[in-house]
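Labels run A, B and C following the written order; every chain starts at residue 1.
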Amino acid sequence: MSSSVATQQPAQSSSPPTPAAAGRPQKSLFARVLARPEVGALAAAIVIFAFFYAVAPTFRSLPAASTYLYASSTIGIVAVGVALLMIGGEFDLSSGVAVTTAALTAAMSCYQLSLNVWVGVVVSLVVALAIGFVNGYLVVRTGIPSFLVTLSTFFVLQGLNLGVTKLITGAVATPNVSGLDGFASARAVFASDIDLGIITLKITVLWWLAFVAVGTWVLLRTRVGNWIFASGGNEASARAVGVPVKKVKIGLFMAVGFLAWFLGMHLLMNFSSVQAGIGVGNEFVYIIAAVVGGALLTGGYGSAVGSALGAVIFGMTTQGIVFAGWDPNWFKTFLGAMLLMAVMVNLYIKNYAAQRK
Amino acid sequence: MRSTRRSLQALVAVTAATMALAACSSEGGAQSEGGGGGGGGGGGAADQEFTIAMITHEAPGDTFWDKIRNGAEAAAANHNITLNYSNDPDAGAQATLIQNQVSSQVDGLAVTMPNPDAIGPAAQAAVEAGIPTVAFNAGGDAYKDFGILMYFGSNEDLAGQSVGSKISQDNPGKTVCVIQEQGQVQLEGRCAGVAKTAPDSEVLYVNGRDLPSVQQTIGAKLQQDTSIANIVTLGADIALASQKAIADAGSSAQVATFDLNADVAQQIQDGGIAFTVDQQPYVQGYMAVTSLWLNLTNGNDIGGGAPVLTGPSIVDSSNIEQIIPYTANNTR
Amino acid sequence: MTDTIADHAASDLKAGESLVEMEGVGKAYGAIRALEGVNLTVKAGEVTCVLGDNGAGKSTLIKIISGLHPHSEGTLKVDGKERHFSSPREALDTGIATVYQDLAVVGLMEVWRNFFLGSEIRKGRYPLAPLDIKAMRQIADTELQKMGITVKDINQPIGTLSGGQRQCVAIARAVYFGARVLILDEPTAALGVKQSGVVLKYTAAARDAGLGVVFITHNPHHAYMVGDHFIILKLGRRVLDKKRSEVGLEELTAEMAGGQELAELSHELKR
């Protein structure tokens, strides 16, 4: 898919780019930063951080930071993919359950055959990518909205998770895989603690930052990123100028599959065994993180960094309420109020940025 | 789309190759377990074949319910019963399922009643239609109001109290009771029971469908209050997640839990979990079906008009050796 | 500003040479015949106007030439070779570029990203090779400036430009990337008089630079200002096919308004 496009050389007679163009007035750095999709989420994250810093003494400690960063990372890893997919104009409601599917597949394939854990890791990667591929293929092939296609996948996977697990293991949870060969190395990759001297971080936090960096780079610095924005922003016009929209979308669904797989591996290596019914509902948390981070529900706009900030807001709020020691009966109410506040700060900053233009 | 089809083929090829290459074997795993343990014992031959419907509020994918079902199926096999199992966590939908079974004129009905007001009337309709009906697992306070014959289950309040008193005795101190589904009556009842006999306790809500977040939230609580001496969890998987949280936070809190599975049993043996309170779900499923069979074939009614308690049965280091083999069978 | 278009236009174009020839082309969607028996020739340095009411088959015709939907009957030749496009990319590779009315650009993307969309400059050929953003910004900026399109900031989202400017950016892009045949789908439909004028001037400039232009519209006045050849479609069929010398604006207007049918109707309704 790389060969055909680069051959379109501009007509040779064109005059080389002249430095004269550089004389055009550029916007100030401040104005350009304000125009980024994630700036509102950044402001909201700072406000929420300051808020909990003020009301919850334990929130100020480094171990507490480690805890809420861990919470953010387990949301944020999949949210990066979900944000990219939403920028590309599609939804994935199956991502929460796909995490469980990946973990179950890995656990059962290596346990039942008494193989090295890494075999299960690879098999489940193939399965997770296949789920993404099927989602994408059905969406681009049938033209049915991805909301419906992935809702179906969501139900299908939920049933498969239970049915297949029960069929293979005789129970609705996988056996404990911690006794298998390769478990220690797999755990080191997916679920270890990294001691950075002053703070001990879960390795998922580092992976999460890496995925956000890769996502940002792909979006802003590569051709594929250009195509993702175009596919979500105006699919018909993207297709008309030769963007392979179908491949882009299938690729995005597969990227979500990959990240769901990664989180699934963390789940398995962290807890050694997985219950078949978990993961339901998390797809919305990922979508919330992407949207709070500035991604448009209609596609064509958003950022990977934004999804990370959305995850941080969600992670800080859920853990911050515990750190603050508030009455747990009101937990969901606090959570809702905090998210509303985040979205409102976000909106306010965006309006402010728009007025400055 | 030709190239996407090609990538599909490649995908299949990769899967096949992975499976083929996976030659490196492991020490553990199913292959080294030897011949599997047999299922339910003796095939009691009955003259008449009955159909019994079991309708629960199981949210799919929980090992606890698996054991209830295993018990029910073992009893059905023993007595040559056809078992129609169905479930829905939504009370209204569960009532509809019961109505369906009543109108298909089953011989006996076993229901759980987490929400008696919604489910009771449907069960009462079955009783009035002349179908012997028992309740189990949930609804011990209300089953009589609807004319239901018998009840098999544990008393959540009693179970909670037994946990609380054991904690107060063995490891007194601040206790956090972790509820994985906010507003669930049975779970709230357990923690209320704990609070009666271990007064210095408070409740923490977590999202039981997201284990990492369970670990994170319990971890945050331990960081916030370093004086916590006991974590009480209400499900086996939550207990294991809370152990991770304790390790992360560097806390010395002790874990006690409700429910039993193979991993929890292993942890009790290894000393990672202090004890668990088992309400013996296998017995609930088994007895619900068997009591109906006895009623249909012999006119029995068990319990003398009072609930039959299947728990709390406390499992700790003193009796774990005996119980551990059964957890592997998924019957305890 | 016209000289820059001439600068870019592919140098092998000779005025009057046939670039695209369609003979008896038709398209059926299941049982519905959207288009049948259309003959159309696009010559270098000429503007061929395709007129027709809604549902006349104009958009089907564009979709066939631009490669979005393949034709189901007749022949389509490009530079004398028979073609059957299965994707817009294939059509683009033979030098046929289409500028759509509503979908010329992706509104939320920056001007320079739009200019290079689908033909990005990269620092390498491997997958995920980084974009040469600096070069693309500079080229887009220079090109647009030379063509008289004033953009405040090349980094602003193209949706902030006026409708006429957006059409012009799309045309400039097509020409820059070596288009030989330019298909303009209702470029003036949503524009005011002044904006339409800007687009028409561009159309004429492209023609003068030697490109073959297919101008699709339902406005006979706009068509007559730039057209060399006129085709009117009605219900998927060709009802008029004349050179500029053979037809006047009145005839075009009357034919567009309904022609014979309208005359009959007015006779019927006569009081």
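One rule holds in what follows: a contact is a pair of C-beta atoms (placed from the backbone, for glycine too) under 8 Å apart; a residue touches a chain by one contact, two chains touch by 3 or more.
Just so it is clear, the structure is predicted and the values come from calculations on it, not from any experiment.
Least step count on the touch graph, chain B to chain C: 2. Centrality by C-alpha centroid: the chain sitting nearest the overall protein C-alpha mean is A. Chain pair with the larger contact count among A-B and A-C is A-B, by C-beta pairs in contact.
The distance from the centre of chain B to the centre of chain C, each centre being the mean of the chain's C-alpha atoms, comes to 68 Å. With centres set at the average Cα position, the gap from chain A to chain B is 33 Å.
In whole angstrom, the spacing between the mean C-alpha positions of chain A and chain C is 40. Across the assembly, chain B contributes no residue in contact with two or more other chains. Of all residues in chain B, only 1, 3-4, 7-8, 11, 14-15, 18-19, 22, 24-32, 59-63, 65-66, 182, 202-205, 207-213, 215-217, 219-221, 223-225, 237, 240-241, 244, 248-250, 261-263, 266, 330 touch chain A in the complex they form. By the touch rule above, chain A contacts chain B in their complex via residues 1, 56, 58, 61, 63-64, 66-68, 70-71, 74, 110-117, 119, 122-123, 126-127, 129-130, 133, 137, 141, 158, 161-162, 166, 170-173, 175-177, 179-182, 193, 246-247, 250, 266-267, 270-273, 275-282, 315, 318-319, 322-325, 328-329, 331-332. Contacts from chain A toward chain C in the complex involve residues 2, 4-11, 13-15, 17-18, 20-22, 24-27, 32, 218, 221-224, 226-227, 229-230, 233-234, 236-244, 296, 300-301.
Across the complex, chain A is touched by residues 7-11, 66, 68, 87-89, 92-93, 98, 100, 103-109, 113, 116-120, 122, 125-131, 133, 135, 138-139, 141-143, 145, 152-155, 173, 176-178 of chain C.
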